[in-house]
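In what follows, structures are represented as structure tokens.
You will see subunit A twice below: alongside subunit B first, and alongside subunit C after that.
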Partner chain A sequence: MSKVWMRKSLPQLIIVVLAIWMIAEYFIAVKWIENVGSILRTFQTSVGAFALGLGVVATVYQHGGHVWRRTPGRWFYSGVLLTTMTVMAVSGLIGWLDQPIFAYLWNNVYIPSQQTVYSLLMFYITYASWRALRISSIPSTVFMICAIIVMMMNAPLLQYYIPISTPLANWLFNIPNVGSSRGMALATIGGTIAVYLRTLLGRELGMIGITAGEE
Partner chain B sequence: MIDRSIEQMLLVAGRYFQLIMLIVLILVVYVGFEMAARKGRVKVRLLPQVSAIKEMVERCAEMNRPITFVPGGSSVAGTTGASIGSAHLASLSIIAEVAYQCGLTGAKVLVLAASPVLIPLYNNVLQAGFIRSGHPEGFEPNAVRFSTPELYSYAAWVAGEVRRENAGANMIVGSHNMDAMIHGIAGLEVGAMQLAGPSFAYFFVAVADYVFIGPDLYVASAYLTEDPILLGSIRGMDLTTFVILGMAFIGLILATARSDLLLKLFGW
Partner chain C sequence: MSERLETRVRKSWLTPERAHYIIAIGIFILASVPLLTPFGLPLEISETTQAYYDTVETLKPGDIVIYEWNMGSAQFGEMGAPAIVQLQQLFNKAGVRIIVFQPTSEAPGLFDANIFPALDLKGKVYGIDWINLGFYPGGAVIAALATDPHQLFLKDHYGNALSQYSLWNDYRTGADCEMIIFNEVGHGGSYMTQFQIKWGTTIVGATVAAQYADCMLYYTSGQLKGVLNSLRGGAELEKLTNNPGRGLSAMDAMSTLHLWLILVVVAGNVQYFSKRRREGKR
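Right after this comes the complex of A and B.
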């Protein structure tokens, strides 16, 4: 088989067949089509799990390199990453979720770290709001007024003294906000369908790592 | 009677209208392809976001700072088999363009992957971009980095990479979740020029220099390929929007007349 067939035509054929199959499974109520669809989804999960091995290799290669070369400002963090990855993997493999070391690290290191990063969003949103809420033009003034009304709704004291803020903020949420976001979503649907159709017709080959100029 | 039983056997009840709409929309986009194929090259206005790519890469080359590309794709559940959505797919064209410009200018690009499945894909796209620029030696095999598919761990890692590498440009293009905000602020803190979107566009307008809003990314993706048929798909996208707007208008009239015909049709 030629190189072009293996590199381009075969992956393209697989994509087209699988895509049509998954669309058919959604619309057609035939048992064996549903069964094959279910097997394909399980297959996707399995391939993903195997790909994690690739991720581990890439991570060890990249961070191991930093530790080996003592890259300034990086090797220490890379060392911590490799150590924690090894401890979690080994303890998890030995006793699964009940293993004391794994459970301790999961509950006392992993979960709090995730929550810490999540809570940082509050500062980031405030920072972004501070940048966005500057009166420099008519649209930004409208934006500012709307933001103040919505903030008023969320402040109990202002809600008590200015009761109109709640229905006004609800109106902003339910009418202009929903209307404009749905308008944007509708415009995006066209783009989504176009990208998938381009893929099905073999014009968009980014999914198999081929882009413009390479074809 | 026979027809009815075949229909019940073959099609899932309640999805007839969805199937009809899917076929109609695919035909509409296909008509756009065909029109482009017959008329030749479709004229498309150059989006500022597309011209910004060259500007950002040149800035990085002059400042000797790298470009970080954050395609996203991590999920809250941290699945290892991350699926590739339409925005993510379209972002591959942007990565290819960045690689091409980096090949021409000698700038360095880093792709911060959220899924191990996508590492070979990004490598292929980057390599192709450098080859197209005539400088295949510019491609670095470790330009694609991966740390974790977990959403907030990924966000923290990307923020760290952007700071440690002192990125001159930060491109947050693809499919993102709440992590988008952390990526955006990290770029802002190191003074990087930022191109972002289309998810969380309402946040990015506050922190990024250029933002892909709505279907902009799909248009940019088709524009960069310079393929007349793909450019025709932009016309198809516009026609699709008109079809949907037409339906919305019909729905508006029916709802005003207190008719639930369209709602019944959706459930058919």
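Right after this comes the complex of A and C.
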């Protein structure tokens, strides 16, 4: 078989057949089509599980290389990453949350550190509000007023003492927000259908690693 | 005082560095003080939370509900309290059967360590009244849950065969599910496609504050019957179900921090206009 057939045509054929099959399975209630669709879904879930393993292999390969070569400025952090990953994986596999090391690391290191990083957003958002929400032009003024109304609605105290904030914020959410978001959602759906059609017609080759120039 | 020195003094004592320090200290104080000594500030129930509560209350004994816990640990501070009260409301309802489903790898750990210990099961028996499917990866997993769950889901989160549980045997397709309740960074779009369009399944859920506006799109169209707006929505549901928890205790801090944010915006504008006035005079 030619190189082009193996690299381009065969993957393209598989994608087109599977896409048509899954669309048919969704819309047509025929038992044997549904059965094959079911097998494909199970296969996809198995592939998803393998992807997690692939991620581990890629991480070990990348960071193990840095440790092995003693890459300046990197090998130490790669070593820490590999050590913590191994400890979490092994202790988790041994006894999940009944394993004291895993339970300790999960409850006292992993979750607090993730939440701390997420909480830093509060500082960034407040700094950004300080610098960005200014009455410097009509759009920025409208933006600032809307932001303050929504903040007033989200703060129980302000909502209670400034009752007008609730209907104002509801109006913002239900009219301008919904109107503009629906337009965007419909545009996105149109774009998604276009990509599906291109895929079905064999015009979308990016997912099999072929760029426009290579076509 | 020379004119040059006077200009330097008047220029602004509020440099960006100082402003950053003041903002940070303000956040720290206004977040920690209300958490340590709650003031008990008033909390109003929003329309979408009331709709959520009323919809869940329509569940009858024997109904099967799929509860999706789809959050990572970063969002647990925001979405943990809504998850606990969402599940508690379900466990409070006699006869309602719950299938817990977690399509994110981090979700089972959070469920086991942080959510499950906070729940009162109200006598519900595992396998009969509720089951935990645990983590199943892949985008097609929701489609499988809707159309042919017994093909893909063979074991529960604890490694036991699902076929031994009466609840799982009663659930054959999405048609057997009365309601989907989600807790995710989104609007439950996959459930609308795979469950609601085919079987008209009722969908309600909780989402992060940043996605609340997106959910309103589907709430106003009637596809979502109720929405909890992040921690705030969780606190409101705690109040409605008379089940005070982490959500309500965080509401005072929510109020003070939003007030601080508004003050920061006002102060930023005052500084901006005074700077413009100074520059205009010069």
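To be clear about the criterion, the second predicted complex is superposed on the first by the 164 of 215 C-alpha atoms of A that agree within 3 Å, B and C clash if a C-alpha of one lies under 4 Å from a C-alpha of the other, contacts with A are read in each partner's own complex, and residues count from 1 in each chain.
Rule of thumb we're sticking to: a residue touches a chain if its C-beta (ideal position, glycine included) is under 8 Å from a C-beta of that chain, and two chains touch if they have at least 3 such contacts.
Small disclaimer: the values here were computed from a predicted structure and weren't measured.
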item: Partner chain in contact with A:Gln44 - subunit B first, subunit C second, else both or neither; value: both
item: Which superposed partner A:Tyr124 touches (first subunit B, second subunit C, both, neither); value: first
item: Which superposed partner A:Thr192 touches (first subunit B, second subunit C, both, neither); value: first
item: Partner chain in contact with A:Asn170 - subunit B first, subunit C second, else both or neither; value: second
item: Touched partner set for A:Tyr61, first subunit B, second subunit C, both or neither; value: first
item: Which of subunit B and subunit C A:Leu52 touches, first, second, both or neither; value: both
item: Touching partner for A:Arg203 - first (subunit B), second (subunit C), both, neither; value: first
item: Partner chain(s) touched by A:Thr86 [first = subunit B, second = subunit C, both, neither]; value: neither
item: Partner chain in contact with A:Ile28 - subunit B first, subunit C second, else both or neither; value: first
item: Subunit C-contacting residues of subunit A that also contact subunit B; value: 44-45, 47-49, 51-52, 114, 117-118, 125, 127, 129, 131
item: Parts of subunit A lying in touch with subunit B, wherever the complex brings them together; value: 23, 26-30, 44-45, 47-49, 51-56, 58-59, 61-62, 65, 73-74, 77, 81, 113-114, 117-118, 120-121, 124-125, 127-129, 131-132, 184, 186-199, 201, 203-204, 206-214
item: Of subunit C, residues touching subunit A in the complex; value: 19-20, 23-24, 27, 31, 41-44, 46-47, 72-78, 105, 109-110, 112-114, 136-141, 143-144, 147-148, 151-152, 209, 212-214, 216-217, 220, 229, 232, 235, 251-252, 254-262, 264-265, 267-269, 272-273
item: Residues of subunit B defined as touching subunit A within the complex; value: 9-13, 15, 18-19, 22, 25-26, 29-30, 32-33, 79-84, 86, 89-90, 92-93, 95-96, 100, 115-117, 119-121, 123-125, 128-129, 131-132, 142, 144-147, 149-150, 152-153, 155-156, 160, 164, 178, 181-182, 184-185, 198, 201, 203, 205-207, 213-215, 217-219, 221-222, 224-227, 229-230, 233-234, 236-241, 244-245, 248
item: Residues of subunit A defined as touching subunit C within the complex; value: 34, 37-42, 44-49, 51-52, 96-97, 103, 106-107, 110-111, 114-115, 117-119, 122-123, 125-127, 129-131, 133-136, 144, 147-148, 151-152, 154-160, 166, 170, 173-174, 177-178, 181-182, 185
